[in-house]
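In the two complexes that follow, chain A is the common piece, with chain B as its partner first and chain C second.
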Partner chain A sequence: MYSFEFEKPSTIAEAVAALGAEEAQALGGGQTLIPTLKQRLAAPAKLVSLSGIAELKGVCVEDDGALAIGGGTTHATVAREAADKYPALADLASHIGDPAVRNRGTIGGSLANNDPSACYPAAVLASGATIRTNSRDIAADDFFQGMFTTALADGEIITSVRFPVPQAANYQKFLQPASRFALVGVFVARFADGVRVAVTGASEDGVFRWTEAEQALSADFRPDAVKDLKVDPSGMIGDLHGSKEYRAHLVGVMTRRAVAAAG
Partner chain B sequence: MPKDSGIGASSKRREDVRFLTGAGNYTDDINIHGQAYVYFLRSDIAHGRINSIDTADAEAMPGVVRVFTGADFEGVGGMPCGWQVTDRHGQPMQEPPHPILAQGKVRHVGDPIAAVVADSLEQARDAAEAIAFDIEELPAVVDMREAAKGGATKVHDDLTSNICYDWVLGETDDAKVDEVFQNAAHVTTLELTNNRLVANPMEPRVCVAEYSRGTDEYTLYTTSQNPHVIRLLMCAFVLGLPEHKVRVVAPDVGGGFGTKIFHYAEEAFCTFAAKACNRPVKWTASRSEAFMSDAQGRDHVTKIELALDSDNNFVGLRTDTLANMGAYLSTFSSSVPTWLHGTLMAGNYKTPVIQVNVKAIFTNTVPVDAYRGAGRPEATFQLERVIDKAARELGVDPIKLRRQNFITEFPYDTPVALTYDTGDYNGTMDKLEAAADIAGFPARRAESEARGKLRGLGVNCYIEACGIAPSNIVGMLGARAGLYDAATVRVNATGTISVMVGAHSHGQGHETAFPQVVAEMIGIDESMVEIVHGDTSKIPFGMGTYGSRSLAVCGSAMVRATEKIINKAKKIAAHLLEASEADIELKDGQFTVAGTDKSVAWGDVTLTAYVPHNFPLEDIEPGLEETAFYDPANFTFPAGAYACEVEVDPETGKVTIERFTAADDFGNIVNPMIVDGQVHGGIGQGIGQALLENCVYDENGQLLSASYMDYAMPRADDVPFYTVDHSSQTPCTHNPLGVKGCGEAGAIGSPPAVVNAVIDALQSGGKTVDHIDMPVSPSRVWAAMNG
Partner chain C sequence: MAQVSMTVNGKSVSGDVEGRTLLSSFLRDHLSLTGTHVGCDTGQCGACVVHVNGESVKSCNMLAVEADGAEVGTIEGQANPDGSLNVIQQAFQEHHGLQCGFCTPGMVMSAAALLKENPKPTEAEIREYLEGNICRCTGYHNIVKAIMAASGQDVGAIAAE
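Our next item is the complex of A and B:
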């Protein structure tokens, strides 16, 4: 680690002000950022911890029934508090990393980081969620812009994420055996007006919507509806854990399983 | 009735109390007043020529004590190799220098270019970033097959090629071997890879070194499995220090698995720097450093051919192996693919003609050396995979084919230089078939199929040569060290006993098991006996722990020393009881005159030894302390049969292990619970190799699996509950305890069982696949099913 300054504000406004400084960076749960710092792969001049900001934390139901989760809410809290409101989302949160990661890592940190194998991006994209920041609302479809890239501007803080709650949903995660991130993860969400399918772990462009499957499932929400659909391997990730072809194949398998489990 | 103490009792591991309550004393727990910290600047390219290194800016950084480069070690020895292999033409292997810090070239990612000693670790790291160097990148030699070709880029410019040695064992006349294969009714051939592994002990390597100007003495605390070996190698071959001025301490060590046997450059560096800087120095490897500097394991590519006659008897075996040495020869690297591998190719079978060919190859990768099993897992894997394939091709039951070819008479001289003293392979297989309920497999398969899963059964045998080993034999084979061990039994005046042993416990439970033996021999409570290990200033010159040798070799020394103690104690007892020594019997800690009720207790005799008021001083010396060195007559030969049942998900290719059964013959057993634990751990590592672990370099020699994000260690939910059966027992014929060793068996026996089971599962799904290389990952299984 290189040395840096440290601030721990207690309001969003203070945090935004602190992040205005040269080379300042937000610190969520630190589960991604701290290892990066320890390896000296990043050298922020100042870290602004978001963990002391009460208004960034918690899970609540909004008037229209959507679920709002504070940007600083840990995975463990989501797993616990969203369980009866959005079980598929809570289940996803309960399978991120290990207890230490779940009790420190936050939804805001996960989305801001946009790891191509992370779980939350699939839920956010499949739910058609809205990412709220200190300055605007960003639709999920506009937020994810490729591996480790998002629509966030420098110093912009994810304050909450608003999830419309689907009628039925499920997340299927096929584990990368070492990291236990998603080798391929598929989140299927069925709304009154159609089905959304988001895939993580598979593509070189990060999380994406599988539109052919969405169309097929919107017409017929059964695993068989997608059994003949194929994903083109060419844009998939190929690495020591699985070839492009294998990932493309798994997208189909995980989608069918998610549909079956969503019921 | 199971015993509750002494030999055969499952005494609870007394060392666990301190390990589990945070009271252990590991090397990193040791801090010496005024210590400075070492940071190694390591190469981030696999192969390069060092044009210049400029340390001036680094030297001027805050807190920096001194910056070292290879130039500071001109005239100092390099890291030695402890085993000289002689090639097929009688020539010694090619043995390139291995400097403490790189000189001239860097040869793998992680090769140390420079070392900074500073007041704090962060200051040392900052300074390392200020070192200016010009290293011209050279093409990396990564693939062994390419490296072995003439004209390939050379890892070491001064060698004639990248081939360390080209070695043969067994039948050296090619024509004779060819004839066997030409006359065979059936030949089965298999090409396979034994995947490279990173040992990954929980505790990374650490060194703390201190030098006293007043006494000219050095102390090195280090994470080692064999402190005396480190002291000898470092003093005699590297730094040229007098051994009596150097103390090496290996305190609690958090796992070794082989990778902490070797003498590492960091140990020599820290010892050297402690004097050069006149300050204690400390180095603690980060996990990333462990991935690129701990010697790695396995990494063989093999073609194996098995010839059978028309009655399915094995008539010939031929293997061709390329073994990766990495960039330098680590301490025992050269012996692993040869004397620890080729010699095991007979397995449990009476194959009359065997030829083993091994080429050891230098590449721009981290050095490879012994890892749990060392050579024997590689041998077992090839042999048991090719037998399985032969059974499939011939349509015979794989267990029957094995049984038909078992060695049944002992002692048995194999065609590959070993003499098996004893064993009962059919008996062990009987135990396996019962414990694994092989007969019930078809019903379990049907149940899996009803759930849409493919189920496979894999069975295999293994044999290993342990208790390494007779010094005269290993010396003949090229070892540059003796491989005896030593123990000193010091009886205290009150009757308690300290046993100073050359073996080192780093997870094996010696602190519990060794006292069980001494307590049993004397008939006293186990709690009265304690072992002392890991400190050259306290223990006799023993060779440490690896190769499942501790109890078989060091335990035997301890038995011999305890026998000397008992003999002397009997003399003292005879004097006290005014009887003839020949009439004294020792039982339950009481010395009795045979046939009388005259007796004297152990504690009275030991007190007399140290308070010799009434003592036969004219016959014997006072005191009660004896040392024995023990050099065995042969290796020991643990053997067993393993069965694995897997389920394969046909949609994803994911393999799950449903049942795993081990039937081992370890000879006599001192602590069954510890033996179970050793087998469980070994199988866990074997399953790790078979399903998960893979150390991968890209074509530029960059380590792709350089952290736990990409190197998959087995977790609790990757392994099943094991069934282990150790009731097949043919005691070793040549050591006093009749023990064989159990530390490596699990890791040796389990990988082929897993792969055999996967192949069987695919077959049941209608897909005949000859082989899938380890790790048998979902992606590979899926590719094989759809290939």
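Our next item is the complex of A and C:
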């Protein structure tokens, strides 16, 4: 790891000011960033820890019933505290990485990183969530802009994520056997006005909505409704863990399993 | 350099560290607590698991400055006050939950965190909880048995694989 200056502010305003420095980088739980720094794939001049900011932490229900989760909330906390309010989301959080990773890793860090195989982007996109930052609100449909790319500007911090709670939802993850990341993960969420389906792990463009499945499931919320739909393998990730065709096939399988489990 | 202070196994400690100093390095190199092992150094193997404010974390994946002011627990603090092995360590010995022993500190620390959260875990819950602790010797079976035994449950119920 290259040397860097370290700062640990206690408010969002101080963090935003600290991130205004040249080559400054925010540090969430560090479960991706620290290994990245060790490999010298990133070399920030300054690391600004967000872990000392109390206002970034916590899970609460808003007046309209939506669930708001602070950007600095760990996966373990979401797994515990969202269990009654949004069980599918809590279940997803409870299967990210391993227990020690879940005790450090944060929802804001995961979303800002936008790993193409991360779990949270699927929940955020399928829920039609809103990403709130220190300066604006960003709709999930506008936030994810391809592998490791988001709408966040330099120095912009995810302060919270607002999840509308669906009537029924489920996340199904097919594990990549070595990394335990999603080889393909599908989050299905049924709302009064339609169904949203988001897929992670599969596409070279990162998380995406499977709109054909959304239309079919909005008309008929049963696994059979999507059994004849095919996903185009071009644009899927192909590697030693699974070909493009294999991932395209898994998108259908995981979607059907998620619909069956959501009931 | 920054000064960090924390409580490690009940004792107040402090030291001067760089921003990039990992908690695992601080424990091993500054405090000479070499029971915390660094296996993969990528956050995957779990040999470096310690407790920070009562929660298991991978100490090779956390900066020492981030643990400033925290209560840290390591394998050196696990034995009973009289120096005898605690119930988890004793169970690892009795059920042959280790061979080379390299992963054992992390296994014991993870097991302690699990049993605090879930005092009577099922076999499946133990196996799932140990997902981030890799052992290349035992095949995990005796580790699972040891944790079942440490939780006061019958290990005979675990079928040989």
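Things to note:
The working rule: the second predicted complex is superposed on the first by the 263 of 263 C-alpha atoms of A that agree within 3 Å, B and C clash if a C-alpha of one lies under 4 Å from a C-alpha of the other, contacts with A are read in each partner's own complex, and residues count from 1 in each chain.
In this section, contacts are C-beta pairs under 8 Å (C-beta built on N, C-alpha and C of every residue); 3 or more make two chains touch, one makes a residue touch a chain.
The model shown is predicted, which means the values in this text are computed figures rather than measured ones.
In the superposed model, A:Ser51 lies in contact with chain C only, and not with chain B.
Touch criterion not met for A:Trp210: it reaches neither chain B nor chain C. In the superposition on chain A, A:Met1 makes contact with both chain B and chain C. Put simply, more of the residues of chain A are touched by C, taking chain B and chain C as the two choices.
After overlaying the two complexes on the shared chain, residue contacts for A:Leu37 are found with chain C alone; chain B is out of touch.
When the shared chain is aligned, chain B comes close enough to touch A:Pro177, but chain C does not.
Of the two partner chains, neither chain B nor chain C is touched by A:Phe144. When both complexes are overlaid on chain A, the residue A:Leu250 reaches chain B alone and has no touch with chain C. The residues of chain A shared by its contacts with chain B and with chain C are 1, 3. Here chain B touches chain A in the complex through residues 122, 125, 288, 651-654, 691-692, 694, 696, 704-705, 708-713, 777-779, 782-783, going by the rule given at the top.
Chain A contributes residues 1, 3, 39-40, 174, 177-179, 239-243, 245-246, 249-250, 253 to its touches with chain B in the complex. Within the complex formed with chain A, the residues of chain C that make contact are 2, 18-20, 22, 41-43, 46, 49, 52, 55-58, 61-63, 65-66, 68, 110, 113-114, 129, 131-133.
Remark: chain A residues 1-6, 8, 27, 30-31, 34-35, 37-38, 47, 49, 51, 76, 97-101, 103-104, 180 touch chain C in the complex.
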